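We call the chains A, B, C and D, going by the order they appear; numbering starts again at 1 in every chain.
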Amino acid sequence: MGRTEIAVVGAGPAGLAAAIEAARAGAQVTLIDENERPGGQLFKQIHKFFGSEAHRAGTRGVQIGRDLLKEAQDAGVEIRLNTVVYGLFAHHCLGLVCGDHTEDLQAEIIILATGASENALAFPGWTLPGVMGAGAAQTLINIHRALPGYRVLMVGAGNVGLIVAYQLLQAGAEVVAVVESLPCIGGYGVHASKVRRAGVPILTAHTIVRAEGENGVERAVIAQVDENCQPISGTEQNLDVDTICLAVGLSPLAELAWMAGCQFTYIPTLGGWVPVHDQDMQTSLTGIYVTGDLTGIEEASTAMEEGRLAGLAAAETLGYLAPEEGERKKAQVRELLATLRIGSFGEGRAVAKGQIVKARCEA
Amino acid sequence: MKGGIRTTGIPSKEELEASPGYPSAKALVTKPMVVIECVQDIPCNPCEAICPNGAIFVGHPITQLPVFYPERCDACGRCIPLCPGQAIFGVDMTYASDKAAVSFPYEFLPLPNKGDVVQGVNRAGEVVCDAKVLRVQRPKSFDHTAVITVAVPKDLAMEVRSMRRLPRA
Amino acid sequence: MRIEDHPILGKAEWGRKITLIVDGEPIEAFEGEPIAAALIAAGHRVFHYTTKRNEPRGVFCALGRCTDCVMTVDGQINVRTCVTPARDGMVVKTQIGLGQWEDLQVCGEKEE
Amino acid sequence: MKDDELICRCEEITQAEIKEAIKFGLKTMTEVKRFTRAGMGLCQGMTCGRLVMGILARETNQPLSEVKPCTSRPPVRPVPVSVLANRVTDDDQN
């Protein structure tokens, strides 16, 4: 059985940041990712990030991804790509699928940074080719440079829907409309404004009724909704589209944390079931840490700070950071995290994150 | 609330005028300057850090709306491509007797060329006028965000905020 | 369609040009890109037909999770084409229902 | 969402089938999965899980916070059995 001091599962922003901090402190770190390239969703985030200078604001996600990769390599992180963690077993043992075989890897500390998956929305025709997650379209256009369609309907006006709508325009597609079933736009107004200036209507209190087509999407039918989110008959409109993207929220991808036996709590603001953790991101199980979207849907900037926090805490636990130094560094990161969770878009998340820590104390 | 950025994606006149980054009509006619159309408390402050003249103040907490001091702005425009929300524009009411120059961030292909006449669009993406391209800036430091400056009728200086995208080749 | 030029990402840097045989027809791909990306770029939308209802399915998550993009690749069924790198000469087939194993060599059962 | 709408894309299970099953007294995701096969296909409920949780909560008048996902079991991604069976240990490598 292979051994390492710290195994980090998932090489997205949270996992990379965790691995970098822990390795810089001197720990032996193995970072595992199922994809061919590290970076998680960072390499498809081609927009400039918000935040402050300390959060690398004004820099595009794709560049932050490149920077983090270099930092991880410089810090001596062992990165294992094309490696699926298929299970988390007793004694901190990870089951790995590597090409044609499996291996076991045991770690003193495991940091789970498995991210999130896109929620689905069921409506007549939602299984037709051409209906896809907004993240799927984003992967195709920004990573693989393949355009999934020419005329797109975006469902959902949260940040993901707005950002991907804008990026589809940048890739050369037409976005026919963004529909949002709520009466308000959920994402940042500035993202909505960019899309509007580019000529794309954002229809609040509208939903998709059905997708139609023979062997793929040929048109979409949308309608206005009432206060209970039910389509109002007589308000249907046909849209001539070949692609429908769903941006209806994300859920933490928590299978490994469930399998390990971590305690969970249900917090709708954060995307549903999330593993409880303490101020250091440690779950109810000693030596198993969680970080990033897995601990509640936020954004890449917060994921990186949470990752750093978990990495520092893990290194401290293993004795690579003196308690005072560890505390000081962790306090700095917590402060940076706090500044990302203020204002009308962040307050709710700050409260919800507090609930997680409280649930951990009571666990 | 009907209208406004949360329901339409377009900041309303009231929202803009209440924002501390939006210069007064009085200040605007004096000299070229930027116009900050940032009306929501997002944690973000790169505009403050990049301004060499201290014309933009965010302070703490960083969710505060940027406060703009027109008298300190020399219209260098560095904040325009940097703003992650693309919410900063340049307006020069002194450009000509009947025309104003408007600068905006632009991240689509193809780019227009200097001298081209493009269609100026408002915040809703509606074409409101023809606009002659005065300048297309895209130095490396802008990190792929072009800043395009167009001449528009003076009365549309606070309406035109982008141009209609040109067809892809 | 391929996105050759991009306002943020610049000109595309493709890998080595290769050929996939998709339902008997050659299509152009780039080595190492996911099979699904090559198919989408070539305008191919239907990746398999479902078992019970015989309905078409295509790329849905593009991350290897939803399994809607599975096809029969070099005789192996249920291959998630969105996370399987394209190699020259791969034989890719639209999978009907559960599909059929075609070439046991890939399962390692063929004796040399 | 209409009753004849597919919820589980892999096993092609409709909302009606899930609702019908719940009427038999099913209360947990694991029960619904075993009874209907929703979430038992190739993707293992990765896409439909959350939709089924919503239906289960609604039909049984439980808050969503009472509906836990199915027991999480390895492998969490589709893995060919030939690969799972080919377990390499230190002894093989040395």
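Rule of thumb we're sticking to: a contact is a pair of C-beta atoms (placed from the backbone, for glycine too) under 8 Å apart; a residue touches a chain by one contact, two chains touch by 3 or more.
Model, not experiment: these values are computed from the prediction.
At the far end from chain C, in terms of centres built from Cα atoms, lies B. Relative to the whole-protein C-alpha centroid, the nearest chain centroid is that of A. Distance from the chain A centre to the chain D centre is 22 Å, each centre being the mean of its Cα atoms.
Inter-chain spacing, taken between the CA centroids of chain B and chain D, is 50 Å.
Separation between the centroids of chain A and chain C, computed from CA atoms only, is 26 Å.
Chain D has residues 9, 46-47, 77, 82 in contact with two or more other chains.
Annotation for chain A: residues touching 2 or more other chains are 34, 60, 117, 127, 170, 172. Across the assembly, chain C contributes residues 6-8, 50, 55, 57, 60-61, 64-65, 68 that each touch 2 or more other chains. Chain contacts in this assembly follow no simple pattern; the graph is neither a line, a ring, a star nor complete. The complete set of chain-chain contacts reads A-B, A-C, A-D, B-C, C-D.
Only residues 5-11, 37-46, 49-50, 61-63, 82-87, 107-109, 121-126, 143-145, 161-162, 164-165, 168 of chain B touch chain A when the two sit together in their complex. If you check the complex, the residues on chain C that touch chain B are 5-8, 10. On the side of chain A, the complex with chain D involves touching residues 1-2, 34, 84-87, 89, 95, 97, 99-104, 117, 119-120, 122-124, 126-127, 251, 254-256, 258-259, 264, 266, 268, 272-273.
Chain C makes touch with chain A in their complex at residues 1-4, 6-9, 12, 32-34, 37-38, 40-41, 45-47, 50, 55-65, 68, 82-83, 85. Within the complex formed with chain D, the chain C residues making contact are 50-53, 55, 57, 60-61, 64-68, 70, 78, 80, 107-108.
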